[in-house]
Amino acid sequence: MKYKRIQIQEILDFLGSKVYGIDGEVNDVFIDNLAEVERVNETTLDWINPSKSNKQEVAKNSKARVLLVDDSVAPIEDKLLIHVKNPKVTLAEVGNHFFVEQPQANIHPTVVIDPEATIGMGVSIGAYCVIGKAVIGDGCVIDSNVRVYDNTVMGKGCVIKAGAVLGGAGFGYERDADGNKFRFPQIGQLIMGDYVEVGANTCIDRGALADTEIGDYTKINNLCHIAHNNKIGRNVTITGCVNISGSNVIDDDVWIAPNSSLRGWVHIGKKATVGMGAVVVKNIPEGETWVGNPAHKLEKR
Amino acid sequence: MKYKRIQIQEILDFLGSKVYGIDGEVNDVFIDNLAEVERVNETTLDWINPSKSNKQEVAKNSKARVLLVDDSVAPIEDKLLIHVKNPKVTLAEVGNHFFVEQPQANIHPTVVIDPEATIGMGVSIGAYCVIGKAVIGDGCVIDSNVRVYDNTVMGKGCVIKAGAVLGGAGFGYERDADGNKFRFPQIGQLIMGDYVEVGANTCIDRGALADTEIGDYTKINNLCHIAHNNKIGRNVTITGCVNISGSNVIDDDVWIAPNSSLRGWVHIGKKATVGMGAVVVKNIPEGETWVGNPAHKLEKR
Amino acid sequence: MKYKRIQIQEILDFLGSKVYGIDGEVNDVFIDNLAEVERVNETTLDWINPSKSNKQEVAKNSKARVLLVDDSVAPIEDKLLIHVKNPKVTLAEVGNHFFVEQPQANIHPTVVIDPEATIGMGVSIGAYCVIGKAVIGDGCVIDSNVRVYDNTVMGKGCVIKAGAVLGGAGFGYERDADGNKFRFPQIGQLIMGDYVEVGANTCIDRGALADTEIGDYTKINNLCHIAHNNKIGRNVTITGCVNISGSNVIDDDVWIAPNSSLRGWVHIGKKATVGMGAVVVKNIPEGETWVGNPAHKLEKR
């Protein structure tokens, strides 16, 4: 756990008009940590889930002095309540601002960059990365040992964790006259939008004769394989160990649970959910949840 | 999409006797791109699938001027037809020759190589690789951040994508007198044939007291784990995120679909297919397709 | 196969009182290899499984001159029997001592280490690793291209294979006022015990507001993803390509088979087994084996 003393007044100044109101004494009050429920102490900045039916009681029983709450929690003796619309979102904003070290814009001297690459403003690239003829947007943060191949275009504010491999040649083969396999040309691009995050050791291949596309704000966890020619929308969540074979279309706000597989050439409709370990061999309509091997629609109970 | 102007005469010279005949005007005609069907334009080198029943119509409706076709497509006004046996294979050959940049034989100065390693002629090794007491065959292309451990033997013309780990110690343990686990010796080799391709961040372990063997032309996609003591044949296709536990025998021309798992000590017969997400706990006879969890034979419908 | 001539007397000296007795001539006898059964030759150090009903016959038919056996195998003409409690464990000890090269304590000059990192005695770190504000215990062996992020604490004697990523930010997001995803603070630690082994390209994330914990002697194979806030016990076996989502509790001596998935917030009881490809969405009681998608208890047959 990380400790850092922060005056509540600093937090109020940071949040500004996001605070609807406060109950309790601010003067000289500080917090010094964020914590899971079982480790909350007097100086934790705690939060109360607005959807809890017993939230007044939960707030009262918290060991913390300062709590982020919605506007339906009534004043509690000896506690400081900070009223906001969405306490968890506000906690995240406070945590990111006060507790998370922001990477400095810096290209480590060991990074190997192709002279034809285009690197934006305020980019951070960690040690031992190898960057081909690629375009890296403003403010991207690329950790160490990352490989970015030629024909990769990254929007602004993307975050790439260690060991990721972006824009590699896709897995397409033909057989020669002797029946031996040889690679079909993989000459498309990988085009990533803004604020895309890519997990550690995840691999995303460039297109074959088309492009691979990843939309803005899409978040991809560790150890995923995304093959050539996929068209992936905005705010899509791709969790750990997911396999996405080639040429799928995945619409905005889809959630893909861990270790699931998409066959290739399937369409996943907006806000659909692919369940953990699901083996998807058919299109999934908008908003539906599919699970199982092979995947089928999960009926509401 | 990559544009590069190529005169048709150059393509005909490259293909030589593979061209059965041509219909239409060659003089001054050029192509400048390869493209998926939805992006074909007048200067795309297009191709027509011989198995399509309406191929004459498809060829006529293509926006491209130049098409690779088999010998059953009749002349079409204002189009140049190049007749070959297998249009897609020919497209791949043309694409690889004219549109794909071939890596230069070069060992990046940052590569750490054990003095006892043997490196063949015309080998390319990218930045930040670490090569142990291994044998690397002629013409191998190893991308960046690859780890090749001692006891790895690689044939000629192998292609290893970024972040792959070859010849690591296998996952075998015994328990000591206190019941704590310690590693069983992993002193075998990893022996790879010619023209093997290994995907990004894929891991192949060396043998324990035997060897791990991978046959010629076998192609392995990204993020696969191949454990110790496997015997894998020729022209085997191992797609993304596949887990192959120890000591299996996989015969020639097997196709292993994404995210499937082999238990260990199973035999997969020649030309068999392991379906996506299949959990294989039994032998699969030659030519059969098995799917599901646990995997069972897929009956023809 | 690795050959190295070792006099039997050297082996007896190394084993000391672990040898219950010997039958046969020791003088001038040597072995020079360890081998799987199909490659055993006259100079292999072979071993006989005590649980085999026909072990006397198997021992007699072995091509090897020297065999490790339990105390129930009777003398055999022209063979040297070395009696021990557990022949395979003894074979492993002999193999590790005589056939496995031990890494030297050495930090490769290319390793990038944060000035605030704490590195123990006798540590080995391979080329192109990047180590943040972490604690690395005595005698740890870290191979090449490994990333250890800030807030990682590693006990003594841990072994980390190439390309592993330890202590990365976990995969937790909130949505901002525009509905776009942004990362929830990930400010916990990754705390690893002693003698933990981590496979190649495996990723273990640090905690969000809690810690991720891995117990002593736990062994993790290649290409696993272990998310934030997991509490994993001692001597747990996590095989290849396993996905462990966030906030699970996994007790001591659990066995998790390849390519299985844990949902998050589940409890796996002591000595339980998660089957290959199992999709675990419920708690598993102590000692039980669960398989399938979704996972269910495997009934004894």
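For clarity, chains are labelled A, B and C in written order, and residue numbers in each chain start from 1.
Going forward, contacts are C-beta pairs under 8 Å (C-beta built on N, C-alpha and C of every residue); 3 or more make two chains touch, one makes a residue touch a chain.
Computed from a predicted structure; not experimentally measured.
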item	value
Copies chain A and chain C touch via same or different residues, half shared test	different
Cα-superposition angle relating the copies chain B and chain A, to nearest 5°	120
Centre-to-centre distance between chain C and chain A (centres being mean Cα positions), rounded to whole Å	30
Junction residues of chain B - those touching two or more other chains	110, 128, 145, 163, 201, 223, 241, 259, 277, 293
Residue ranges of chain B touching chain A (in the complex, touch as defined)	1-2, 34-36, 38-39, 88-89, 92, 95-96, 99-101, 108, 110, 126-128, 143-145, 159, 161-163, 195, 197, 199-201, 216-217, 219, 221-223, 235, 237, 239-241, 258-259, 276-277, 291-293
Residues of chain B that touch chain C when the two form their complex	110, 112, 128, 130, 145, 147, 149-151, 163, 165, 168-169, 171, 173-176, 179-189, 201, 203, 205, 208-211, 223-225, 227, 229, 241, 243, 245, 259-261, 263, 277, 279, 281, 293-294
